[in-house]
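Two complexes, one shared chain (chain A), two partners (chain B, chain C).
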Partner chain A sequence: MEQQLEYLVDKVVAELQKKLSERARNGSAKALGAFDGSESPVHVVEEERGANVPNPKWQEGMQELLDSTPARIGVWRTGVRPLTRTMLQLRRDHAAAVDAVYGEVQQSLLDEFSLFTVETQYDNTENYLKRPDMGRILNEEGVRLLLERCQKKPQVQIVVSDGLSASAVDANLRDVLPALLDSLTSYGLSCGTPFFVRGGRVASMDHIGELLQPEVLVLLIGERPGLVTAHSMSAYMCYRPRKGMVESERTVISNIHRQGTSPIEAGAHIGTILSKMLEQKASGVKLVL
Partner chain B sequence: MDEQWIQSVGIDVGTSTTKMIVSRLRLGRMSSTFSLPRYQIVERQLLYASAVHPTPLIGADEIDAEGIGAILAAEYERAKISLSAIKSGAVIITGETASKKNAEQIVHLLAERSGDFVVATAGADLEGVLAGKGAGAQKRSLSIQGTVVNVDIGGGTANAAYFYRGKAIATVTFHVGGRLIRLDKRGMVQYVSPNIKSWLMAKKLQVQPGIQLTVEEIGEIAGEMVRDMLDYVTGRDRQESGLLVLGHQLRERIPVEELSVSGGVGQLMTDRPVHTMAQVSEYGDFGPMLGYVLQQERKKGTYLLRWIDPEQTVRATVIGAGMQSTKISGSTVHIKPELLPIRNIPILKLELTAEHLHDSSRLHSEVAAVYDMGQRLFERTTEIPFALSLSGIRYCSYQQLQRIADELTLPYRHQFADSPTMVVLCELDMAKALGQALELRCKGKPHIICIDQVRVEYGDYIDLGEPISGTIIPVVVKTLAFDEHTSIKGGTR
Partner chain C sequence: MITKTTVLGQTYQFRDLKEIFAKANEDKSGDQLAGIAAEDSRERVAAKQVLADLTLADIRNHPLLPPEEDEVSRVIEAGINEKIYNEIKNWSVSELREYLLSHQAGESEIRRISRGLSSEMIAATTKLMSNLDLITAAAKIRNITHCNTAIGQQGVLASRVQPNHPSDSIQGIKAALYEGLSYGIGDAVIGVNPVIDTSDSVKDILLMTKEVINKWEIPTQNCVLAHVSTQMRAIRQGAPADLIFQSLAGSEAGNQAFGIDVALLDEADELMRKEGTSTGPNIWYFETGQGSELSSEAHFGIDQLTMEARCYGLARKYQPFIVNTVVGFIGPEYLYDSRQVIRAGLEDHFMGKLHGLPMGCDVCYTNHMKVDQNDMDNLGILLSAAGVNFVIGVAMADDVMLNYQSTSFHDIAAFREVLGLRPAPAFEKWLEKMGIMEHGKLTAIAGDPTIFM
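Entry: the complex of A and B
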């Protein structure tokens, strides 16, 4: 009897997983279609969001609520628990968040933009998570590479880092970075040698500032992934970054991803912010935008 | 900049009355400091409302432009508002007035004398929507599930606007208004508008100048007119009532949950009895009777809807024009302040699909088709021929952006070589990136104005105001889609 039950449960679960993975495949195929095939290394799953509520009293009102938030509302229930589908979606999104933290930025992407790589003292991801301070300082090899390969005292220094989400860089860099470079051209600003920092934290910009002494620095870094998206990127900007900077001296545009702040528009706007920083010789709370 | 006030004016030159208001609109930052800036109009305050003046006329079909100028000058004086402080607003020449022969002259005059603001000349459709907003119907529709209709009944026309969940979904205009039949103190008919003659015939109602009517007869005519209009609005019957419609007919029957009546006649909807000829002809027309029979219909409750009181009656349109006509663009845009304001630019729509974004050749031919249409539709001038509106893009990558910019600029510079400025409107938040991509290609020939978060349709005209704090611009979208008074379309160009 017990064995039979176990067998049944196993079969149901296997069936569910098959269905779910099919749906995910269809979803990502759709999302891939939005790119030019070869363009996308990241599987961004965009699903049609519908409520699970059977026979809602007011269908359009339900849809209005769903459209107003990415939160998991209208998910319905079975007994006192969520539906299996909801539960699996939650676990899948959680897994994507974990993958984003442990993943690595694709080398081909870095090559595309001729970004060379330096590392912080993070050592490995486990240590990176436990020791944020070690992600703020480049290792000896990194310092040597920077001094050797980068232009000193540039007007604008662009730095890219994986931070807590490598997939954020994979998903957004192709849109943010060229839009930012165009914006710098429009404003007539010159840019130093951009590079990639593996295992970086936001404050790594201070150490880089000490080494290269740019007038302004922008760090494009993967954000802590959440359950809504694992591909969100931030742009931290600073006027004359140096050791001992306080957080209020940094300006940030966050939540850059397909469903959030538009990547191309963010790239274009970062240029505007940088030019204002140069004008006002300030950043963070002192900057008037 | 976290908040900012702009002053906005509304002027309504109606068939029988003229009024103006001054309001101020507060722009507040809606996004956090960690996001791209995004502003919205978060508060609207009425600063000044003028008295309701009789519209000065010369003869039967000419508006006294000087008279209107004098009224406005006096009202600005009284409101203690300097013209230079006014950044936005709308002038509405309503109803039958718009077909008066010198409407265009008036619009020019008002543009000069009302401050350097964004001027809108409206058609009946926009007028109805603005009146509905002024009367509070739009706001009301956000708090119920069904459709709310506001009918603004003035001297010459009645404008009905249907709102569903905050959106205007349909408009219709009727030849229903107080001044359509004018009476003297004894009930002698002085004037009957030619616009209602075919309807009167179909209804077998004998009304013409020179005949004397009793209070009951006037009540019957007003009753027939009001019931036909309500039948049409609710979709109960559209045969004879269709003769009252000015301009386009409604195609569908839209279930109406709530109804409000604004305008001068809306104000006359009181329980005050209208039994004697003196009471009927108080204003020299049958307006009071229209108000009275509407009130009777409301009491009888023969229509399956809820009657609600409008927030404004006689000033609904002018308040809508002054306080609700202005929108603001997204805050990350590509503009050159010295090129603004730009007025009365027609819209040309480029609707893109996923295929266009993938396939350069399809995008190329689509742009060519739209540009050719622009060349056919809008005369060749040395001015800006049109504003190109991009829609249908759900997400735009940098590569796609480059393709769009390439395809837009080359043929534009070829086909519209005389145009000093290229105006592009996007629905999606991408104006700064696109504007910058276009600018890098054009280098000032033409100049680029690219703004976003503005929704427009074919047939709309758009006014772009001077920037506020350098980044946001006030926008008035003029829906003239069904406007038949083409004479004023050219407006203030």
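Entry: the complex of A and C
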């Protein structure tokens, strides 16, 4: 049984990777086109990571150190302060992280997957950050929309939310969601009406669970951005979500981004976990994976 | 106990001590989230005014969290010296503030008074202090401790080197450690946060750090900041630990959420006395931070500053080698912006010092707070001026494991240079021997991690 599952996951992943690499090729050609005919010179800052120490005692050793950690080492200094480019790189990465928190998910992406939008009671980003409790409950309009547009009591409910990183959704949804849908199909599972929650917290799945009563729910949500990546996504999954769930009842795959858990693999893996939840009628610490 | 006052023509009547304490705080998002903050500036001043006139006896006689219900309260009560308390119990909170800031209160006078104070009394006076008051008073208090080496002396700014790695790679930890040492960082401790909380992983990191310390004869101490019970297992399996670490909360329920209680801390203390590798007598490393009790719903309606003070009351029992608040780690729902983080950093440092603790600070922030590296520059300089025992050194301030930013190796070198501060004496001698430092200044080879390869 388990071997069969693994085989299915691998097959789905392989197929998707093929599809996506084709799409990426087309996409990158377009992006290059945008630079054509540009009048002012564009200064493209590449990710750079090399030692700046002018005369290290052991040159080869320096490379060995750099290869062993993503930490910002071998950066050198002017007096007791960092070099300008090291300092600017840090600022650049911080800017990406802040943009992820204050940014918005592209509407075109939501349209692409026919995701309609509901909001929590978060009101605005400042309030969202200060009042996690308000990000756990949909506003009245959101409740109305869900009840009007969503299939009730679906087997699987998929929910997408910006959480603390809108750019995590932008960066990963195109890979995660198709992989997840394919995976559900291969397990013969049926899916309700997916939608997007603006200003959502993890526990918003409890409120949504009360309203739609799915058997299992998966919430794809942007994580708190770090400097290494601002685009990390988590998938929180739950069997029969409802009010008063405790954290240990949720199953999570975190660190979904290109340098972490690959988004395509994550999508396929989520499908596998959801099918196990349905089989075992449990999630979180009670689920045997 | 008078709980009523008039401010700018408006009369305020407060319900109890808990409400006065909460509303007398400077603005914090965590107190707002808990629903206990002052409504506006005027009510805040009214609460401060009422608090200023309360006596220390009023505070002791109206416990915010009764000792019968909470073991942290019992530890704090048991720590009070009754003779000294009796000498000052009729002081108002205002008088305590003025005494601490007066020229007649030197270091030894403050140290003596401190033994008669409860954590709640210390919290109360903190609420009446401006940022510069907190710096001025804290700067008078030097709390020197000794593990393998001594830190905390006048004119010394020590540092923890924090060479974390996202998958606990021993080579990767070593690389960041070498980088830190080459900037003169690591005199307080070589302290690693592990990703994997198992005794094997803890043991591996303790062995590696100990090996580096021995090989280069570095006058410092090692520590792996796993859960205390994991460290205890590693130590029982023979892992060499100079210090033992634990995060503390200010209530019994908060500590339960951390998976600890006083009995477990006592057991760890005893184990370290028998099986720790350091000279001592100070063998503990504690971390704290405003807001942790609220986040685990273990705050009992008490404000986050007071709960933080209670952590120090608990820490005091174990005479730790180092304590630091991880001031900006918890997130914007507790400390929203740089103004609140800077305030909390100065409060925590002062409260720790007045408890007699060797107080450091992880000057830090997460990316969803309204804070940036410039704010860390500010708080770092303010705390260095206030005589903070140590700060945290992370390569370019970016912790690739915990995903937050602290202060960098460069920053600590700059704090020292700008304010004329030095590494711990034994460590500075070692830096000179290694050719990294001369007359308190970094040399031409400082910043080259390959000198340790």
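Assume the second predicted complex is superposed on the first by the 226 of 289 C-alpha atoms of A that agree within 3 Å, B and C clash if a C-alpha of one lies under 4 Å from a C-alpha of the other, contacts with A are read in each partner's own complex, and residues count from 1 in each chain.
Going forward, a residue touches a chain if its C-beta (ideal position, glycine included) is under 8 Å from a C-beta of that chain, and two chains touch if they have at least 3 such contacts.
The shown structure was predicted, so the numbers you read here are calculated from the model rather than taken from an experiment.
Asker: Using the touch criterion from the header, give the chain among chain B and chain C with more contacted residues in chain A.
Answerer: Touched residues of chain A are more numerous for C.
Asker: Taking the superposition as given, does A:80 touch the first partner, chain B, the second, chain C, both, or neither?
Answerer: second
Asker: For A:182 in the superposed arrangement: first (chain B), second (chain C), both or neither?
Answerer: first
Asker: Identify the partner contact of A:69: answer first if only chain B is touched, second if only chain C is, both if each is, neither if none is.
Answerer: A:69: touches chain C, not chain B.
Asker: Who does A:264 touch here: chain B (first), chain C (second), both, or neither?
Answerer: first
Asker: Answer with first, second, both or neither: which of chain B and chain C does A:61 touch in the superposed model?
Answerer: Once the two structures are laid over each other on A, A:61 reaches both partners.
Asker: Determine, under the contact definition given at the top, whether A:161 touches first (chain B), second (chain C), both, or neither.
Answerer: It touches nothing on chain B or chain C.
Asker: Is A:227 in contact with chain B, with chain C, with both, or with neither (first, second, both, neither)?
Answerer: second
Asker: Would you check which partner chain A:174 touches, where first means chain B only, second means chain C only, and both and neither mean what they say?
Answerer: A:174 contacts chain B only, not chain C.
Asker: Just chain B (first), just chain C (second), both, or neither: which does A:283 touch?
Answerer: So A:283 meets neither chain B nor chain C here.
Asker: Using the superposition described at the top, list the residues of chain A that contact chain B and also contact chain C.
Answerer: 58, 61, 64
Asker: For the complex, which residues does chain A have touching chain B?
Answerer: Within the complex, chain A contacts chain B at residues 33-36, 39, 58, 60-61, 64, 174-175, 178-179, 182-183, 185-186, 252-255, 258, 261-269, 271-272, 289.
Asker: For a test of understanding, state which residues of chain A touch chain C in their complex under the given definition.
Answerer: Against chain C, the touching part of chain A is residues 53, 55-59, 61-62, 64-66, 68-77, 79-82, 86, 90-91, 93-94, 97-98, 100-101, 129-133, 164, 224-228, 230.
Asker: Which residues, counting only chain C, touch chain A once they are in their complex?
Answerer: These residues of chain C touch chain A: 29, 32-33, 163-166, 169, 171-176, 178-179, 183, 331-333, 336, 366-369, 372-373, 394-398, 400, 403-405, 408, 410, 413-414, 417, 442, 445-451, 453.
Asker: Which residues of chain B touch chain A once you look at their complex with the stated criterion?
Answerer: Checking each residue of chain B against chain A gives 1, 34-37, 145, 165, 332, 354, 358, 394-399, 401, 428-433, 436-437, 439-440.
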